[in-house]
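In the two complexes that follow, chain A is the common piece, with chain B as its partner first and chain C second.
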Partner chain A sequence: MSSLSTQMAAVTRRDLERERRTGEVLWITIPFGAIALILVPMAVGADVPLLRQIGPGLYWVVVMLFGVLIAVRRTSMETPAQRDLLALLGIDPAAVFGGRAMASGLMLLVFELIVGAVAVLFYDIDLSGWPWLLLVLPLAAAGLAALGTIAGSIATNATVGPALIPLIVAPLAVPLLLAASEIVEGLRTDTGILRWLLLMVIVDLVLCIAGVVTARPLQETQ
Partner chain B sequence: MTDASSDAKTLRWLDLAAAGALLVALGFALFSPPDVIQGDLTRMMYIHVPTILVAYGAFAVTTVATIGYLITKSLKWDTIAASSAEVGVVFLGLAIATGMIWGKPVWGVWWTWDARLTTTAIMFFIYLGYLGLRRSIPDPVARAQRSAILGIVAVVQIPIVHFSVQWWNALHQAPTILRPGDPQIDSPLLGALLVGLFAFAIVYVWLLVRRVQLANLDAELEARDAAPDVPMAGEAVSAPDLSDGGAVS
Partner chain C sequence: MGATTILRDVDVSVAPGEAVGLFGANGAGKTTLLRILATLLTPSAGDGTILGAPVTGSARYDVRPQISLIGHVPALYPELTLRENLQFAARIGGQTDQRVDEVLATVGLADAADRRGAACSYGMQRRAEFARELMRAPRLLLLDEPHTALDAAAVELVGHITAGVVKRGGAVVVVSHDRTRVAPMVDRTLEIAGGTVQ
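Let's turn to the complex of A and B:
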């Protein structure tokens, strides 16, 4: 029996390989998120100071809402036979959770970077203190990935399946959204961001622990 | 006296107690002195505050029942958790609505992006998601297990809602009763508020008991549909025995 980390890496590789073949995130979700950012100025007016002010917040809203699509894409793609195969192979449910969350996190990070570049270009966002973003972006991606993976497992085989997941994920992602937005604002105004960073770390840890602990009971109900 | 008739009698008393308590609370709310600053507007407090506190209590019951389910695996705990969440959502919706009606004349707007209001609205959606999840999983055991997991995660929001006003220093007034030190409210108003709280708590218990009763009837009906014990039409017709080549004697 391979170790937990090997199993996790195998699941991550499988998910990334599937993304490489289908290109769902790269060719569908990322352009969709970018279009959302481009549509907003058409609705609120092309006032550059206003867009500069609301840009960072809008960026995080787009990341949270469209990121859900990335984090839960597996639920609509994976068949019961695939889930059974993973179980029969003796893959630890915690490794399955970790692997899926890791793959989603990596895809979310790519999403954040590309959509972030679009936001900077179209909204003229102030990038003061940008090195902190190297920490904030992965933390946001990790939290959202963990949350989406848990929600995906909870809603597996549900009659309304993928339609229900955003309703579960979006409200629970609020601490991440608040922390990420406040950090960007804090960097711009040079106010303290440490408590928000700490909040992100705590939320990520809680979600990861919840994901690992609930992986087996959730697998048993599938 | 049989158990069923005793239960029915208890429920009738509960119906009466809920109606009576509401009437008494209404009397206190209408005849208590007006507030020095807000005048009669403050009477909205006698609905708004009890409903939000009862909603918090309902979600606490959901959590306890969820833990009970996870420990015992008995579906009766799951029924209580789900019923309490449903009643809690009703009370939370009522609290949000009355808060908006109260907020318009006091703050000048129906809604303000205050931390506690916003987080309360988010909590409302979290529990709507919880109820939506329950409706979309037909298997009772899977439904109980998965909603238990979501219920535990969701309840983390409740302390965040209540204390967020202190964390984020926002527009919504700080807690008046549940605050460190003495409550900042005059005795007659506090009395009317406590009567209201008591009345809504009884209404909550009444709704919870009735909802559990309904859920049990639902489960019985589902079980009866799943395993019918009445003969099906055409059940008496069997395939002819052709082992002897179908020869007619």
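Let's turn to the complex of A and C:
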């Protein structure tokens, strides 16, 4: 049998290859996310100060909603036969979680960058301290990917079903959303951002640990 | 919602080097029994061992890589090519890409290796699954209606793969309605009716 890292890499590669073939994120999720951001300026009119004020918050809301969907979809699209195969191949469920979350995280990062460009363009967002975003965007992507992967596994659970997804995702994504928004605001006003960065790191770690710990029980109840 | 009893008083043993056919009407519990044997379902009562691992304990996870289950629905990723599907299993099992090409050639899919799963017929998808299990060389091979949608050459291939597992000292359980085709493949047959093996 292969090592945990090899298994994880195989799952990541499989998911990225599947996305490359279907283009689901690139051609469906990203355009819809961009449209969601473009519709608001059309609704409120060309009020630049207002758009500049609400832009970062709206961006993160769109990232959270569409981003979690990316990860949920990747996990819940597997058929029972494919899930049986994963179990019988002997892949450690933690590696399945890690591999899926890694692939979803990379797709989310692409989503964040493209939709971010749209946000800058339509909301005239102040990009002061932008190098910090090189840290914030991957942290947000990692957290949402882990959260969405856990939620997707729960969605495939025959007993619980997908009804619980919003209940799981919403409260757990709030700290990430709040921290990301506060960091962007902190960079603009030149106030402290470290505590918010720390919050993101802690939330990411908690979600990753939760994903690893629940991977086996969730696999066995599907 | 009340629970439904699908199997009861089931007492089955399959020895190493033995192939067993399991027959029964629709809804008799054949597939459920097969999934328990694959360790994918835990029985609500009773005990037993699969390749030496208790069916209800966590040790069953360790024997899973030695078990193959080919069910009704092909366990392939339709977006990936047949080669990529097998390469995924190969990477997990520590096998080489060269081995992937060898088994694809063995099942007659060398020319279709770069075709996506979704673009293949059901029969080709099943052949690809047989190729994967040929590569994995399981100790316990579980087949659910293995002859469905297969042409004569592929039916022969199923017999060849089954015989290979038995020859290596492994065990085979074949669930089917097709007694004519299964009988020559197995050493003995069992009948399942009303959730009980007779």
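One rule holds in what follows: the second predicted complex is superposed on the first by the 210 of 222 C-alpha atoms of A that agree within 3 Å, B and C clash if a C-alpha of one lies under 4 Å from a C-alpha of the other, contacts with A are read in each partner's own complex, and residues count from 1 in each chain.
Here is the rule we go by: a residue touches a chain if its C-beta (ideal position, glycine included) is under 8 Å from a C-beta of that chain, and two chains touch if they have at least 3 such contacts.
Just so it is clear, the model here is predicted, and its values are computed rather than measured.
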Partner chain(s) touched by A:Arg18 [first = chain B, second = chain C, both, neither]: second
Touching partner for A:Ile154 - first (chain B), second (chain C), both, neither: first
Partner chain in contact with A:Leu85 - chain B first, chain C second, else both or neither: second
First, second, both or neither for A:Ser5, with chain B first and chain C second: neither
First (chain B), second (chain C), both or neither touched by A:Thr189: neither
First (chain B), second (chain C), both or neither touched by A:Thr221: first
Partner chain(s) touched by A:Ser128 [first = chain B, second = chain C, both, neither]: neither
Partner chain in contact with A:Leu172 - chain B first, chain C second, else both or neither: first
Footprint overlap on chain A, comparing chain B with chain C: 220
In the complex with chain C, residue positions of chain A that touch it: 1-2, 6-7, 9-10, 14, 17-18, 21-22, 79-82, 84-85, 87-91, 216, 220
In the complex with chain A, residue positions of chain C that touch it: 38-40, 42, 61, 64-65, 67-69, 71, 73-77, 79-80, 84, 88-89, 91-94, 116, 136
Complex contact set, residues of chain A against chain B: 150, 154-155, 157-161, 164, 167-168, 170-172, 174-175, 206, 210, 214, 217-218, 220-222
Interfacial residue positions of chain B with respect to chain A in the complex: 119, 122-123, 125-126, 128-129, 132-133, 136-139, 141-142, 145-146, 149-150, 152-154, 156-157, 160
